[in-house]
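Each structure below appears as structure tokens.
Okay, so chain A shows up in both of these, paired with chain B first and chain C after.
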Partner chain A sequence: MRKIWPFMLVGAVLLLGIAGSALVLQRPDTNIVEIVQDGNVLHRLNLAETEDQIIEVEYDGRINTIEISDHRIHMLEAECPDKTCVGMGWLDSAAPIVCLPNHLVIQFSDSDALDAAAG
Partner chain B sequence: MYLKTRKLTELALLTAVALIIFVVELQIPNPFPIPGVKLGLANIVTVYAVYHYRAGEVLLIVVVRILLGSFFSGSIMTMMYSMAGGLLCLIGMLLLKRLLSEKYIWVCSVIGAVLHNIGQIAVACFVAGRGMLLYLPFLLVSGCLAGAFTGVCAQLLIKRRLSRQTDRDKSGQ
Partner chain C sequence: MRFTKCILAVLMLTATVTGCGRQSENQPMAAERSLFAMNTYMTFTAYGEDAAAALEKAAVRIQEVEALWSVTDEESEIYRANHSGGQTVSVSDETAKLISFALEMAQKTDGALDPTIYPVLAAWGFTTDSKQVPSDEQLDELLRNVDYSRILLEGESLTVPEGMELDMGAVGKGYAADLATEILLEHNVSSAIISLGGNIQAVGSRPDGSDWRIGIRAPWEDGNLGVLEISDAAVVTSGGYENYFETQDGDIYWHILDPSTGRPADSGLQAVTIIGKEGRLCDALSTALFVMGAERAEEYWRENGGFDMLLVTYQNEIIITEGIADSFSLNDGRTETIRVIAA
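Here is the complex of A and B:
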């Protein structure tokens, strides 16, 4: 007797993953970007208005160098063991750029306004 | 006494094999720009053990492998990720084993790998915030693929062991 539900279960998980990935890969409808460390928003920027610049963020003595160029943002260099964050390239989807060892996240913001708390 | 020593030796051997696989895999850089994507080859040992040993014994293999493995990776954080992923994966596979015969070991392995990734994402959410949830879809897909691969490896191992056992039985007669 061949069971069908195990195949359907695996198929459902796979489909859910593919559909979710397609959604996450879309660029959100905002230009507001946050640089967050340990849950604290360090910088809040409107990419449409930014000038080219370098932002350095320190964690436990290790430096992450973030570059903003031509209204795009990416991790230029990172003093972390895996360098996954550098490999993520420019931020162009809802999936954030993360440096897990240094607790650093670069993401498009959920809320649209550049509020007063912005640095 | 003989049985107990034999069982202990088997468990130690499986743990050692899992640890070696784990440490070798640590040396392979992640080719994808997504944190947490990996083959998880040590899962071959876990899923095999789930079908051949008692729950407590498999737990022992997994926990000892993760604790010793964290010496080699050298970071407490890596251990947290592995522990959360490993335990969630183990619970899921132990439950699935009750529903699925060994013929479906690859399904067990896929669900285990997916649960492993969910556990890791949960820890990552603590570290880096809710934004990490957005990586879940990628990790569902990678879990399915990696889990199917390790599951098929486990299936091949079991087949080989069975055929060797029957050979031995034949020659014994």
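Here is the complex of A and C:
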């Protein structure tokens, strides 16, 4: 007699996890994108307004080429061993595009929000 | 067979759960804490390994000093001094430092800040819920007992002459914010923002290294005037709109009193925001410069320095010192004109 319930349980948990991930990682309600290197914001761009362009960022002699096209942003090329960041495609969720070897992060910014109010 | 299935289930569960975490490696853990103290609501956010413990200690410290400095708590050191019938009482080191600072600021501001104004404030009802306009005779009578120079502080011995009352309302919160900041720094918290009822103190920068964004409230209306971007600084605003009442005739009276008249300071300013390293200085000056008005405030800034300021006048002008001019951005749709002043 084969038991089917363990598979159903695992399946349910998996589905829940996927739903949770989708919820957490959905695209934030902003068009502001930051290009950050070692904690420093190098560029802040409004994707809704910015024109198509190529941005090059250097780290330790290696170049990352970032492309903005049709109000979207992605890593076009990277002079790094693994090219994971290139493979991540267009930025479309709260999950940032990260180039670990070159300490570079492209992410949606929620920093228009205020940290505190005086008065 | 069953065992392997179990293992498989656990593995998948683990993978699923870890898969939906946010980029947590680069974002240090945030600790948050809030409390009601010093007649206001305080919120704290700090980042770092030891942040939660640090915030807990800071909250305890603030409650401790509140118990020492409250003007209404019969157990407080200030209350005991105020109700000693002119006898000398001994106070703690911390209280002595606070009073010494308040008296120093009273002197430096030529009495625009006077920590003995409390009986007049009470007559207006700002310390209770029954706000009213006192008679001229009553104010004249009370003002005879308003004079910071008659407070005697020698070391930790404090004498408040009979009929007078000390109140740390204009400096206590700023001082408490400084104490909280000290505790956070001792715990290696390098990024924190605390708000003591609108008195802001920023420790370091945001965890990502950018400046904290502080909204500066628009006087007498909802919403913000603009945004100030700062790191490692205190930001304190004083304005009549924060606590006021309106009579049946439509006259408006607010809580910041001019110690020379005993009436609400009417110097042409809607609000004063002071930006500086120390909360205590910002707290004291936001009140004092509100009383002084724009012209004297500018003079004071030029003579003393050590802080930046943002003044909002009733002519809808924002006067801002050069040190923060680039850090302030007016919100869209605001009609105020901005004038930057240089030393």
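Just so it is clear, the second predicted complex is superposed on the first by the 91 of 119 C-alpha atoms of A that agree within 3 Å, B and C clash if a C-alpha of one lies under 4 Å from a C-alpha of the other, contacts with A are read in each partner's own complex, and residues count from 1 in each chain.
Convention: a residue touches a chain if its C-beta (ideal position, glycine included) is under 8 Å from a C-beta of that chain, and two chains touch if they have at least 3 such contacts.
Computed from a predicted structure; not experimentally measured.
Of the two partner chains placed by the overlay, only chain B lies in contact with A:Met88; chain C stays clear of it. When the two structures are aligned on the shared chain, A:Val41 is found in touch with chain C, with no touch to chain B.
Within the superposed three-chain model, A:Gly20 lies in touch with chain B and with chain C [touch as defined at top]. By the document's definition of touching, neither partner reaches A:Leu76: not chain B, not chain C. By the touch criterion stated above, A:His103 is placed in contact with chain B alone, chain C being left untouched.
Of the two partner chains placed around the shared chain by superposition, chain B and chain C are both touched by A:Leu9. Touch criterion not met for A:Ile55: it reaches neither chain B nor chain C.
Put simply, chain A uses residues 3, 6, 9-10, 13-14, 16-18, 20-21, 24, 36, 39, 94-96, 98, 105 to touch chain B in one complex and chain C in the other. On the chain C side of its complex with chain A, the touching residues are 2, 5-6, 8-9, 12-13, 16-17, 19-20, 22-23, 26, 43, 45, 193, 195, 198-200, 202, 206, 208-210, 212-217, 219, 224, 227-228, 235-237, 239, 242, 271, 273. Remark: chain B residues 29-30, 33-35, 75, 77, 100, 104, 107, 110-111, 114, 124, 127-129, 131-132, 134-141, 143-144, 148 touch chain A in the complex. Of all the residues in chain A, the ones that touch chain C in their complex are 3, 6, 9-10, 13-14, 16-18, 20-21, 24-25, 36, 39-41, 94-96, 98, 105, 111-119.
By the touch criterion given at the top, residues 3, 6-7, 9-10, 13-14, 16-21, 23-24, 36, 39, 81-82, 84, 87-89, 94-96, 98, 100-101, 103-105, 107 of chain A touch chain B in their complex.
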